[in-house]
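Alright, structures below, take your time with them.
Both complexes below contain chain A, partnered by chain B and then by chain C.
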Partner chain A sequence: MPKLTIDGLEVEVPAGTSVLQAAEELGIEIPRFCYHPRLPVAANCRMCLVEIEKVPKPVASCAQPVGEGMVVKTNSPAALQARKNVMELLLINHPLDCPICDQGGECDLQDQAVAYGKDKGRYIEEKRAVTEKYLGPLIKTAMTRCIHCTRCVRFLTEIAGVPELGMVNRGEHAEITTYVERALTSELSGNIVDLCPVGALTSKPYAFTARPWELKKTESIDVLDAVGSNIRIDTRGNQVMRVLPRLHEDVNEEWLGDKSRAAIDGLAKRRLDTPYVRRDGQLRPATWAEAFAAIEAGLSGLKGAEIAAIAGDLADAESMFALKLLMQALGSPNLDCRQDGAALDPKVSASWRFNTGIAGIEQADALLIVGSNPRIEAPVLNARIRKRVLKGGFKVATVGVKTDLTYAAQHLGDGVEAFQAVVDGENPFFDVLKTAERPMIVLGMGALARADGARILGAARHLAEKAGLVKDGWNGFNVLHTAAARVGGLEIGFVPGKGGLDTRGILKAAAAGKVKAVWLLGADQLPTNPLDSAFVIYQGHHGDVGAQVADVILPGAAYTEKDGTYVNTEGRVQRAQRAVFPPGEAREDWKILRAASEVLGHVLPFDSLDALRDALAAAVPAFATPDAAAPGAWGDFGEAGALDAALGPLGSAVSNYYMTDPISRASPTMAACTLEIIEAGNARTGTHG
Partner chain B sequence: MNLGTRLYTWLRGEFVGEDTFGNRYYRDRKTARGNRERRWVMFNGEPEATKVPPEWHAWLHHTTDAPLEGARHAWQKVHRPNLSGTKYAYFPAGHDRRGGKRDKATGDYESWRPS
Partner chain C sequence: MSETYHVETIETVETPETFAFTAENRKRAEAVIAKYPAGRQRSAVMPLLDLAQRQAGWLSRDAMDCVAGMLGMPPIKVYEVATFYTMYNLKPVGRLHVQICTNISCWLRGAPEIVRAAKDVLGVAFGETTADGAATLSEVECLGACANAPVMQVNDDLYEDLTYDTAKAVLEALLKGEAPPFGSQTGRRGSCPCKGATTLKELAGEHAAAESAPAPKAKTAKSAKAGKETS
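Here is the complex of A and B:
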């Protein structure tokens, strides 16, 4: 390990470390624009110049590997002068439009011009101007402001794997461009807004709506996919203005999917802000007391087995736990949190978790993806797989409809017969898994939500045991969820009790009139026809599918409006925090259930969120330790039997990344993305708006 | 106009003129040496200070010796008293009394209505 001196302080770092990183170890900050720890080094902004003894000229510290006995000065007069000159050069063509620039207040160039720049410019010639580029509905450009750090190009090429941006021409004529004018197709494209050190790339939905200093920042958890990305919710007054990623090395690093970032305008549309009660076939606004009275009337005289509850994809763990206790008090065993009917075994925790862990992907050396498209089901997780692929020595194969995953993957086949061939050892990829030291399999909801899902799960377990996916210190069996609430629901045990019905059973029984009342906790991804004759209580925040068929609507809170616990696909318990208040008469979901339980005569044993969390932690110990993910206990799960090839090829559970839940379906930005990116190239007919 | 003012005007007042709204202006017939003459107005109808038009306002407050000319320019508007509390009162755009339709603001949301 080379030892070097930076500003008179000695530091020993591994060989290959750059001078800039070594300085960071010591807590010395060197200004930079193009350098980013997660991106390849470009060294083209020259802002990180330092003086190194015995080197005649200033050196770009981000690209200079450390050497034994190096003596570096980061704040010598020569280094400071060099930075001043670089800053003067950058500002030659950068417009001085900070007052009308969205980056103002959080701009690296602004900050560093104050800290390291000259107090006045000497440039009196014409500035250059660059034409705007169109990058889709999420990213607004002002390319004259670009300082050519190429962070955006490197991010899309290396991390997102969608090389749609590039730099053309040289010198003063250099431009960042998409080559052909069209929207970026990456699901991670929003991150280039965060990466841009100046105001060249800014968020289009957020454009000119707020300044960073007037926003209240709340650290929370994203629920629009099952990764549980850590986010920061920026609010002004009672409105969510934007969502930014927060650093969590084991989950999302510092990236965030476009849906999680831009679907928030859906939080201000189609909101349920008052209770409704159906009278004479029409939903009429009501008071809470009237709604609870209607529920009491609707449930009175019903036996426990005639009542059912289904939890949706965005439900928090607290409200699911409260609903489970309420259903138990009412004597109903019919509850399910798997509204898509996924055949997850509620008894064995290893059967529903992403046991390897998202960070664990980086240790794996072979991967089989079955019935999943991680690129659209969990883009941040897909970026982690891509990161592992780029390191080399990692074989990826997929079973299912062939798609572009942004990295090379061997396509074994569309249908279950290809999967069966791997399980039976007939496909050579079985040997790849068998000989690999740390092999992984990722099972998607596209495989498990089929009618033969339980048999696919059983076959996958068989494969895991046969190919040695599960061994000491390594569990390579992974389920990739698409719903943020799913793992939490399974941990709590929001699944059919003894003799209870699952989602399919509830719907069938409701159609047959055997289940007379159904409580939908934000469940919108259901065929609602079977519920027509049943008494439906819909508790949720958006007027989506569930609200249409409801007899009583209880307006709940969206994820930005309540303190909630969510469990991500790894089984990591994370706490989301309230950033704004629910609109109108809407209330936090656990409070609604607590109030309803009192009307129904089965008072739930908690009066505060803390008491509820204590009860939850006592019932399920995993909830007592937030932010810990561990592989589940292995066991016997799934069913044996032949897989049903007649059900067609294995697809992804998500068809349109931009619209998967009530919030993103209500979002105008997501609708624009769907039109521009998903439906780009599709012929438009006369019925299009 | 209370009785005291009427009596005082009858005993001491000298009529100066009348504005276009029918308000009558008076001043003292005699002024003690060293004192400034008193000037006052007998309102036509309700006593309301803002009924005094600007040309008389200047005279009334001893800014000018004589009332100003009336409308000297085509663009001069007719004087209007304070309309607060009347049906002609001003309400900003978006006020409930002007239809309540205002521009979008932070925190606004669209609520769902059953179809």
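Here is the complex of A and C:
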């Protein structure tokens, strides 16, 4: 390992480290624009110039590998002068429009101009202006501000794997563009707004709505997919202004999917902000007392077995736990958190987790994806798979409808026959898995939510055991969820009790009049016709599918409006924090359940969130250790039996990435994305449907 | 600071017709692609663009997309290449593409006079095509023949050591469909100083004696070789 001296301090770093990174080890910050630790080095901005002894000219430290005995000066007069000059060059064509620029206040160029620039410019010639580009509903451009660092181009090319941006022309005429003026189609495109060091790329939905210093920042967790990306919610007053990713190396690194970033305008639309009670066939606004009284009346005289509860995809663990206790108190064994009917086995934790872990993907050397399209089900996780693919020595195969995953994958077939062939060892990919050191399988809801889901799960377990996917120190069996609430619900045991009905059973029994009352905790993703004659309590935040069949509506809080615990697809327990208050009469969900329990005469044993969390941790120890993800315990799960090819090809559980839940369905921005990205794309390629 | 801006816009020309390589050119393209190892087909992008341009006269977006498709490249990466090099015409050009170097060596040796000659003969400004579509005039940076400055390129040929009169004569002849000899218009050889060799005189003498062919021939050979490399 070479040893070098930077600003008089000695440091030893692995060969191949850049001078800039070595300086970072010492806590010495070198200014930069184009360098980004997660992107390939471009070295085109020259802001990181340093002086190196015995080298005649200043050196770009981001691209200079360290050498034994190097003597680097990052703040010598020559280095500072070099940066000053670079700054002056960068500002030649950069407009001085900070007062009307959305990046103002969080702009690298602004900050570094203050720190390293001159106090005035000497440039008096004509400046260059560049026409705006159309990049879709999420990204606004002001290309005159671009400093051509190419971070955006490198991100889309390398990380997102959807190379649609480029730099055309050259020199004075260089421009960043798609050239064809079409919306970017990457699900990760919003990240280039964060990456752009200047105000050339800014957020379209957030445009001109706030200044960064006016915003209150709350660290939280995203729930619009099951990855559990760490986010920062920026609010002003009681309004969520924007959502940005927060660094978590093991989960989302520093990326965030476009839906998680931009669906937030749906939080202000179609909200349930007061209780409703159905009277004379009409849902009418009511007080909380009236709503609870209606529930009491609706449930009175019902036997436990006649009551059921279904938890939706965005439910927090606390409220699911509270509802479970309430159902138990009412004597009902009919509860389920799998509103899509996915055949997840509640008894064996390894059967429902992404056991390898998201970061674990980087260690794997073979991957079989079955009934899942991770690109739209979990874009950030898909970027991790792509990262692994780019390193090489990683074989990926898919079973299911063929799609562009942003990396090369061998397509083994559309239907279960192809999967069966792998399980039986007839498809050569079985041997790939078998001979791999760290093979993995990813099972999606597209496979598990089918009628033969339990058998697919069983076949997958069989494959895992036969091909050695699970061994000492490695668990390559993974389920990729699409619902943020799902793993939490399974951990809590929000599943049928003894003799209880699951989602399919509840719906059937409700249609037959055997289940007379159903409590929907934000469940919007199920057929509601069977519930027509039942007494339906809908607790949730949006007037979506579930609220329409309700007899009583209890207005709950969205994920930005409550402190809640979510368990991601890996089984990682994470805490979301309240950033704003729920609108109007809406309340945090556990409080609603606590209040209802009192009216129903079965007081839940906690008065505070802390007490609830203690009770939850006592009942399910996993909840006592936030942010830990471990593979589940292996066991016997799934069913044996033939897979049903007649059910058609294995698809993805998600058909439109931009609209998957009540929040994104209410979002005008997501509607624009659906129109301008998905439908425009379909029209271009003529593949409708 | 300055109050004035010049606005940078990307001009794209709509093409009604779609581009496809002729059977013959497709064969040529495949031969070029075959030169590169598997997985490195992208390296063929420049010769393929050149081939497309030779076929259609210019590069429409459809032609670039066609090349992208043949090489399995994202179209934007092809646009990047095509817009970077001035040799690719992203707009239709006349039968003669007259490119005059106004970079420093040529400028010091009288490029403005050559520009004047071209404008006089063609009657158009830089970036324009004559009404009859015979010629397009372009201002370009260094053509790589500085030693024989000033330089003008017409289609594939370089005309060097120009003056107002020789430039005019060359262009007039070309417009008439004649083929004036290209290369140095003063007959200078080996890029030696314009008043004759000052060093290595003996060697130069030997060399000159050994070679009995007339002056422009050397250029013909060089040009033909360069042509072979790119197509």
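Just so we're on the same page, the second predicted complex is superposed on the first by the 680 of 689 C-alpha atoms of A that agree within 3 Å, B and C clash if a C-alpha of one lies under 4 Å from a C-alpha of the other, contacts with A are read in each partner's own complex, and residues count from 1 in each chain.
Following the convention adopted for this analysis, a residue touches a chain if its C-beta (ideal position, glycine included) is under 8 Å from a C-beta of that chain, and two chains touch if they have at least 3 such contacts.
All of these numbers come straight from a predicted model, not from anything done at the bench.
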Room on chain A for both chain B and chain C (clash or fit): fit
Contacts of A:14 with chain B and chain C, given as first, second, both or neither: neither
Partner chain(s) touched by A:173 [first = chain B, second = chain C, both, neither]: second
Chain B versus chain C as contact partner of A:584, first or second or both or neither: first
Which superposed partner A:276 touches (first chain B, second chain C, both, neither): first
Greater residue coverage of chain A in the superposed arrangement, chain B or chain C: C
Partner chain(s) touched by A:547 [first = chain B, second = chain C, both, neither]: first
Touched partner set for A:163, first chain B, second chain C, both or neither: second
First, second, both or neither for A:130, with chain B first and chain C second: second
First, second, both or neither for A:121, with chain B first and chain C second: second
Partner chain in contact with A:267 - chain B first, chain C second, else both or neither: first
Closest approach of chain C to chain B (Cα atoms, Å): 36
Overlapping contact positions on chain A, where the chain C interface meets the chain B interface: none
Residue numbers on chain C that touch chain A, as the complex places them: 1-2, 4-10, 12, 61, 74-77, 79-80, 83-84
Chain A partner contacts - residues on chain B that touch it in the complex: 106-115
Sites on chain A touched by chain B in the complex: 236-239, 267-274, 276, 282-283, 542-543, 547-548, 583-584
Touch list for chain A against partner chain C, complex: 96, 121, 123-131, 144, 157, 163-170, 173, 175, 177-180
